[in-house]
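Both complexes below contain chain A, partnered by chain B and then by chain C.
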Partner chain A sequence: MTLPDASLSHIHRADGSATYLQNGYSIIGGVNGPIEVGRRDELPEEATIDVIVRPAVGVGGTRERHLESIIHSTLQHVILIQNHPRTLIQVTLQVIRMPDSDTFNSKKRQFSSPLRILPSLLQTALLALLSASIPLSTTFTASLITVARGSNTVINPSPEDLQNARSTHVLAFSAEGDLLVAESQGEFEIGDWERVFEMGLHAARSGSENRKGADSDVVMLDDDQGGALRGLVQQKIEKDQKWKENIK
Partner chain B sequence: MALSPLVLPGDPIPPGALPTSSNPSIPLKLGPGLRHIPPDRIVPVVAGELCIDHKKNAVWVETNGGRYIPTAGDLILATVHHSTSDSFSCSISPHTPFASLPHLAFAGVTRKTRPQLNPGSLVYARIALANKHMDPEIECVNPATGKSDGMGELKGGMLFDVSLGMSRRLMMPNPSAQGSMVILDEIAEKVPFEMAVGRNGRVWVDAEGVAKTLVVGRAIQETDEGNLGVDEQRKVAKRLLRDL
Partner chain C sequence: MPREPELSLNERSFVLQALQENIRIDGRSFDAFRGLELNFGDEYGVADVKLGKTRVIARISAEVTRPFPDRLFDGIFTITTELSPIASPAFEVGRQTDQEVILSRILEKAIRRSSALDTESLCIIAGQKCWNIRADVHLLDYDGGLTDASCIAVIAALQHFRRPDVSVEGENVTIHAMEERVPVPLSLLHHPICVTFSFFLGGGIVLVDATLQEEMLRNGELTIALNRHGEICQIAKLGGVAVEALTFLNCTNIALVKAQEISRFISKKLEEDLKEKNPSRLLVELSAENER
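Coming up: the complex of A and B.
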């Protein structure tokens, strides 16, 4: 399992941006909003969310449209869309690099699941939204889990694990532990899925455990994704508020 | 000052972290970045630093990102886009609906003597009406006194974009002491200049000549982009003034 790395607010012209690196994937996310929306897409009571996924090579196809629809329905529940009626919040996710096992030219492309990139895309979108100060109801942790032959479950799998995987699952949990995304592909039994669920929930929980430390000065950078996310955001905010150090 | 705790959207705020006012008759005020879920939950909606003012019994989340959201009472720098029969349509931030500035919302203006503003003119204005369901309205006159209070068209000079956090720092009553913005004092010793700060992340600067105006604008932008400390600001000021 590899820990993610990210940089926030590094794109000058976008309202919010983030670059996210994990498991060989590298994604740039940009958020613009709330901006004016075209008459066709305007919603009278809430903000329209537009998600654009651009692949590393070539132009987007059905695979990207499918990912966009999953991300769109997830973000709709996370962003407080009632706060900005009749506006547009545009989330653009550009894939920069993919691991060799998931490239376009790979011979095994027919076996390469579109789900592999989904957790990284979701996490990039979240960081970019945080950087753009878009009001959110919660944060979330997305993880990729595979089940190999012999019912061996692995979280954030390595390329070898992916090769041996019988089924691939993507789960995202909100910080409160509510299930936001559940996408699965491959052959698996209900028992496998339940183990996968427990594993994903545990990964998200250990991240939100750190929330209790919000009023203490200790930042727990545990080997879990939720803690890593908090650490990344903390670094950015400390940099922004550096000027306050000299006051009083 | 130790940094206040970081909050992420949805984080529970421990009741002990909320301000405790000595005067119980002052109600708790929630600033930007927080929402109240009845009956008694207060939850952040953005990532940032939780700031508390015990005296005013106020709590808010400070963050330095994103797009400007119009709020009534804010002073802003707007660009006139076009004029209609009774108002100017002004742009406050790119790709957002135009704010309307009535022709009669200027000091000392009557129906006969309407202000003539060409597209592209810059006005310093106050947001009179802001509502999430309506386009904002702005004014260049204090409706209580009928005076301009320094608002109106800005002629000459140049416009610089800065972050929202920087424009809030510049709008403090004493930026050098309260916001560690010493660079302006350093430059003002050598170069006299005039400046107007808009809450929408825009700064207008006018000095004698383009070169001097650029020095002031660059100084603010460099301090903003690099998050420069006091010593670094002095170095930048020295460098910019030497090149002049």
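Coming up: the complex of A and C.
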């Protein structure tokens, strides 16, 4: 398991942006919003969310549309869409690098499970939304969990683990520990899924408990993925709020 | 979808008056590029170019396919440009703007039709198998100078790219994995660089590498693609303003200097990258490729 790395607000034109690196994936996310919405997509009582996933090579196809629909329905429950009626919040996720992108074999890439990239995409979207200061009802932690043949579960698996995996699961939990996303692919039994659920919940929880312990400390050395990112967001917000301190 | 915000009257007259007094808003001289940054990814064929605030990532990928029936001895080379809303909310998804069409046409003319990449060398078995090289241009940040930055990114990425080695025995083709045999660089015949000039106030003032603000005010533009030997690959003059022939000649002279500078910069960066990734020059000695 590798810890994620990220940088925030490094793109000038987009309202919010983030680069997220984990397990060989590198994704740049940009958020524009709230902006003017086309009349066709306008919703009278809430904001329209537009999610665009762009692959590193080639143009998007059904695979990207599928990922977009999952991310769209997740963000709809996270963003406070009632706050911005008749506007558009546009989330663009550009994949820069994939770990198994054998550059000369795009066929192989197409057959690999689309779920593998989903946690990184969700995490990038969240960071970009935070960077754009879009009001959210909660934050979330997404993780990829695989179940291998011997029924042992691995969180944030390495490429070898992925090869041996019988089933792949993506779970995202809100900061309160509620399940937001549950996507699974492959063969598994209900017992497997319950263990996967426990594992994902534990990973998400350990993040939020650490946060309570180290409230004022920016340095987070915990091994959960939330901790490292939280530190980054905190740094960014401190930087943004600096002007206020000087006024006092 | 929102449009690109137009400049206010005050801003317009301020910028134009400054230009008349020989001052650019960012303090550059009229024939100066913005700071150019070039980084290569961990993989082969990824170039990240920053030209001022404009940022473009070009990515080269290769795949084995069947050649076109009318071009049996040639491989395939395509350049894809898609402007995403990350760069500016004015870029809409799924609908090509004029700007996008012009960008892809100019890149096509400058790089593909000037045969910078030798497509014949991409042929594996005539009429049956060839390499399909594709260049994806991702625009991440947009502050003018799109054509120049994209062209630099594509050319740098093409030079950085290595395709897997192939061996042919009769009808059988073996593609060797990168670990098995040293991958092969693409055979590039020359390295065209685009330099864009912007004309202001009826063609009287000529700027190199305009920012977005300047691009919105210009009356016309001229994109010259040429290599470091001074061979001009294409000239595209857009916009209604009439430009004198002498100015045109002047522009080509400036473009040559710029193209040479940029070419040198790219080769320096490529060398640094090679040294960093391959300190003992082992890969060079192991290579089975013949010098052209």
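Quick notes on this one:
To be clear about the criterion, the second predicted complex is superposed on the first by the 220 of 248 C-alpha atoms of A that agree within 3 Å, B and C clash if a C-alpha of one lies under 4 Å from a C-alpha of the other, contacts with A are read in each partner's own complex, and residues count from 1 in each chain.
Operating definition for what follows: a residue touches a chain if its C-beta (ideal position, glycine included) is under 8 Å from a C-beta of that chain, and two chains touch if they have at least 3 such contacts.
Predicted model only: the values in this text are computed from it and were never measured.
In the superposed model, A:124 lies in contact with neither chain B nor chain C. Once the two complexes are laid over each other on the shared chain, residue contacts for A:86 go to chain B alone; chain C is not touched.
With both structures placed on the common chain, the touch criterion links A:23 to neither chain B nor chain C. Of the two partner chains, neither chain B nor chain C is touched by A:48.
Touched residues of chain A were counted for both chain B and chain C, and B has more of them. Looking at the shared chain after the overlay, A:132 reaches chain B, while chain C stays out of its contact range. In the superposed model, A:143 makes contact with neither chain B nor chain C. Once chain A of one complex is fitted onto chain A of the other, the partner contacts of A:74 are absent, as it touches neither chain B nor chain C. When the two structures are aligned on the shared chain, A:174 is found in touch with chain B, with no touch to chain C.
When both complexes are overlaid on chain A, the residue A:238 reaches chain B alone and has no touch with chain C. Common to the chain B-facing and chain C-facing surfaces of chain A are residues 32, 35-36. Those residues of chain C whose C-beta lies close enough to touch chain A in the complex are 1-2, 41-46, 53, 55, 57, 59-64, 80, 82, 84-89, 93, 134, 136, 138, 140-143, 163-164, 175. Those residues of chain A lying in contact with chain C across their complex are 11-14, 17, 28-30, 32, 35-36, 38, 50, 52, 54, 56-59, 90, 92, 94, 96-97, 101, 103-106.
By the touch criterion stated above, chain A contacts chain B in their complex at residues 9, 15-16, 32-36, 80, 83-86, 130-139, 174-176, 211, 214-215, 217, 230, 233-234, 237-248.
Chain contact summary for the complex, chain B toward chain A: residues 1-3, 5-12, 14, 16-17, 33, 35, 43, 45-49, 62-67, 69, 94-97, 132-133, 165, 169, 178-181, 227, 229-230.
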